[in-house]
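Input: a single structure, listed below in structure tokens.
As written, the chains take the letters A, B, C and D, and residue 1 is the first residue of each chain.
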Amino acid sequence: MSDAVKGLTRQQMADRMAFEFRDGWIVNLGVGIPTMCSNTDLGDVDFIYHSENGIIGYGPVAPVGEEDLNLVNAGGQNVTMKPGGSVVHHADSFAIIRGGHIDATVMGAYEVSMGGDFANWKLKGQKGGGIGGAMDLAACAKRVFIILEHVTRRNEPRLVEKCALPITARGVVTLISTNYGLFEPTGTGFLLREIAPGLTVDEIRATTGGVLTVADDLKPVKLAG
Amino acid sequence: MALKSKEVGSFREAIADIPDGATIGFGGFAMPGVAFNLIKALLDQGAKRLTLVGNTTGGAQVPRMPDMGMLVENGQVAKVICAFTAATRPTDVLPFTKYYESGECDAELVPQGTLAERLRAAGAGIPAFYTPTAVGTELAQGRETRVFNGREYLLEHALPLDYAFIRARRSDTFGNLQFHRAQRNFNPVMATAARVTVVEVDEPVLPLGAIDPDQVHCSGIFVHRVVQVPPEPEGLWPTRRQERRR
Amino acid sequence: MALKSKEVGSFREAIADIPDGATIGFGGFAMPGVAFNLIKALLDQGAKRLTLVGNTTGGAQVPRMPDMGMLVENGQVAKVICAFTAATRPTDVLPFTKYYESGECDAELVPQGTLAERLRAAGAGIPAFYTPTAVGTELAQGRETRVFNGREYLLEHALPLDYAFIRARRSDTFGNLQFHRAQRNFNPVMATAARVTVVEVDEPVLPLGAIDPDQVHCSGIFVHRVVQVPPEPEGLWPTRRQERRR
Amino acid sequence: MSDAVKGLTRQQMADRMAFEFRDGWIVNLGVGIPTMCSNTDLGDVDFIYHSENGIIGYGPVAPVGEEDLNLVNAGGQNVTMKPGGSVVHHADSFAIIRGGHIDATVMGAYEVSMGGDFANWKLKGQKGGGIGGAMDLAACAKRVFIILEHVTRRNEPRLVEKCALPITARGVVTLISTNYGLFEPTGTGFLLREIAPGLTVDEIRATTGGVLTVADDLKPVKLAG
């Protein structure tokens, strides 16, 4: 994504999602833009990052030269531990996920539907795919937050009436942060709750699949600082 | 009466008996906890028609370290059971993909948590269990589901291993293991699922009693052979992560 | 940004909100790991129609310490789910037995491993699983079984808890726990199964960072309230085992 | 059981079973006479005691005054740890049992049948019972060794054609050590393999339910020392 892309930057998309995190939450950040949520300054809000490889309570990426090569997050980055962290094995880590102990998972996606389905593991015509922990997280986290660019490179919508790609989970998406705004899948459409600077409702409607409704109290996207 | 040491002198010796057709589990997630040295030895050992079980076939990271994909490329593999037959980023291409697409190697794609739980079930004497993961997806097509308390779940089966290849920070002579941080991942679970668990360890093997019983991460009752990893360049160690090719 | 402490000043405060009808899990096996002080506080608190989950109703050991059976005798219990409604030795008589036989309190008898696994399943999002235990016995009569690979297994369901009462050696302010030896038993498993886990700890609550992340036996994400056990006689501690009455 | 009882002492019954233990085995000892197997001197034979409360590699009972009150075996005795021991939680401990990792479990019983069923959790007419870990161990250990007195106080057989009491597991018993000898349930009878001093085959046959067959190479019971 270049700076020429409309609306929010990737960091702003991540920031907006991070503002949803509440005190005491256990949060799982997926690979890519979701990782950038950890850069957001949330002041006194207290939460724990969980990584599906069993790291509970990890902190920022380690400075170059100070990496612990046996400490990585889900994306394989050499992170650090925060005080109060702990480590479990993979079966226990996914017991945490499947058991409903994750308050929010933040993931990327290719597509999200009005019904809250989303697709992020398999491209069109591909044999197999890359599931990783996405299906477990999607099916079991209390909240599934999706961050994605609003349109494809061909300017086609990623918020769609129905997913064309094989889905990761059905009816689970709670909230969507795109470079155009903040959306909620309602089952019968997408509710635009916050709009990015420089965008208009008409422009968003034209680039959104299915039905777009607009919140009565539509606001500008909450930005950092 | 002292327990016999499970320490073995070389990686080659530790895996010499692996027959054609064996099912082998590979611990590790990204760099930490991967038994690089045992994989390298298996490339030399040459057993064929293997079934490999692990998180990913590998090859997306730079520099590339020994991974399941290399065994595929070496013509040793019939089937891979894993959570990634393709990379997370569509722009990365895993070396495995072309073997899979051409039909040279079969694969079974399993969500990561289901993979971990199927391995745990194998070690725990649970033949099958129900999970909410993958319900309603392509992976559940034609498969048995069941509703409990109003929610639909998928039936999944235990996944037993003949061998597990894992890496730990330290071991005593009985094979009681400790892992460091993210090195733990699938490793203790794989050990419980395998008939024979082979471990490569970072540190010299300790005498019995050197590890606090409360702080053993994987009991030696699940461990059969232990090999100490020599220093570089003879031994392979996790390396600093380099920017991935885009 | 620092995590808030979960330390609570008194046992009474830590369990004040338990409503009538709650399902409560009790960790511990023999003396080690039993939350004597929380049980004592619950006897005073007085919640009724409770369902209790634990290994045994207790009362076979001398001296008798607070146990599930005392809550039964106190008229607070509708049902007990446990592995012993009677003692191992037929010559011992558990106080619970007469309440059970008279119908004053209901019970569900569960093999100990099935009990542990049902609790684990509840915490791990597994609604049901199959086990070989109890197949062919009275406990399996009229229940669903299924054959996998030629062997018969019994279907068992997750057992979720509203509260868990457990005891640990130490805790940090986030509730990361360490147990000493046999103190561990059901405790970390109960914690994962419960909506609210209340812990009594032997040692003063530690600051964040005082426990090595690799050596946490139960992550604080499963722990909600922590109370330090005062010295005797105010606090209750495991005692030396005396010869059992025969 | 008083010294007036015929044949072996309780310790000798336990000793005989312990002589079956092989190098490297994981052994679980039940409450009562089975516990006495840990007193048997097995020379260089190497094995690990597992207790269902999660203690792997425990040793003798602690001397009075030196007990660790948080270290007990399945019977609640304050035992010690041997070097190389480890501790797991209850679900993991029974994963070890159910997963077939226990080479031998030694248990007491009220009755054993020719088919290898046995009963040890519920008395006649009792409501409920005391199962503990017995059903898991019985169903899943590689070998189920039963130690029991050959007859009841009323001189009725405990080795029976068919169990009258509710069984613990079906067809699992490998070997039986009684004060009269060492027996193997064969499906169609009990094979007497070793006979206790002072007993005769006829005497044993008269006090054994079902069919008693005698090993071609019948030996005296192997005793310690």
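Quick note on the criterion: a contact is a pair of C-beta atoms (placed from the backbone, for glycine too) under 8 Å apart; a residue touches a chain by one contact, two chains touch by 3 or more.
Worth saying up front: this structure is predicted, and the values here are computed from it rather than measured.
K.L.:
Would you pick out the chains that touch subunit A and also touch subunit B?
P.N.:
C
K.L.:
Determine the set of chains touching subunit C that also touch subunit D.
P.N.:
A chain counts here if it touches both subunit C and subunit D, which gives B.
K.L.:
Rounded to the nearest whole Å, what is the centre-to-centre distance of subunit A and subunit C, using the mean of the C-alpha atoms as each centre?
P.N.:
37
K.L.:
As a quick test, compute the distance in whole Å between the mean CA positions of subunit A and subunit D.
P.N.:
So the centroids are 57 Å from each other.
K.L.:
Any idea how many Å lie between the Cα centroids of subunit B and subunit C?
P.N.:
The computed centroid separation for subunit B versus subunit C comes out at 34 Å.
K.L.:
In subunit A, what residues contact two or more other chains?
P.N.:
Residue numbers touching two or more other chains: 81, 87-88, 94-95, 97-98, 140.
K.L.:
Counting only residues that touch at least 2 other chains, which ones in subunit B make the list?
P.N.:
117, 120, 124-126, 131-132, 179-181, 184, 213-214, 217
K.L.:
Linking chains that touch, what shape results: line, ring, star, complete or other?
P.N.:
Other.
K.L.:
Sort out which chains touch which and give me every pair.
P.N.:
Touching chain pairs, listed by label, are A-B, A-C, B-C, B-D, C-D.
K.L.:
Within the complex, which stretch of subunit C touches subunit D?
P.N.:
It comes out as residues 29-33, 55-56, 61, 83-90, 97, 100-101, 107, 109-114, 116-117, 119-120, 131-139, 169, 179-189, 217, 237-241.
K.L.:
Enumerate the contact residues on subunit D facing subunit C in the complex.
P.N.:
Touch residues, subunit D against subunit C: 31-32, 51-55, 67-72, 76-78, 81, 87-91, 93-95, 97-98, 122-123, 126-136, 139-140, 166-170.
K.L.:
In the complex of these two chains, what residues of subunit B are touching subunit D?
P.N.:
It is residues 1-4, 120, 122-126, 172-174, 176, 192, 207-209, 211, 213-214, 216, 219-222 of subunit B that touch subunit D.
K.L.:
If we count contacts the way the header does, which residues on subunit C are in touch with subunit B in the complex?
P.N.:
Interface residues on the subunit C side: 117, 121, 124-132, 146, 148-149, 151, 153, 157, 178-181, 184, 213-215, 217.
K.L.:
Would you mind writing out the residues of subunit D in touch with subunit B in their complex?
P.N.:
Result: residues 23-24, 26, 42-46, 48, 50, 56-57, 81, 83-88, 94-101, 140 of subunit D touch subunit B.
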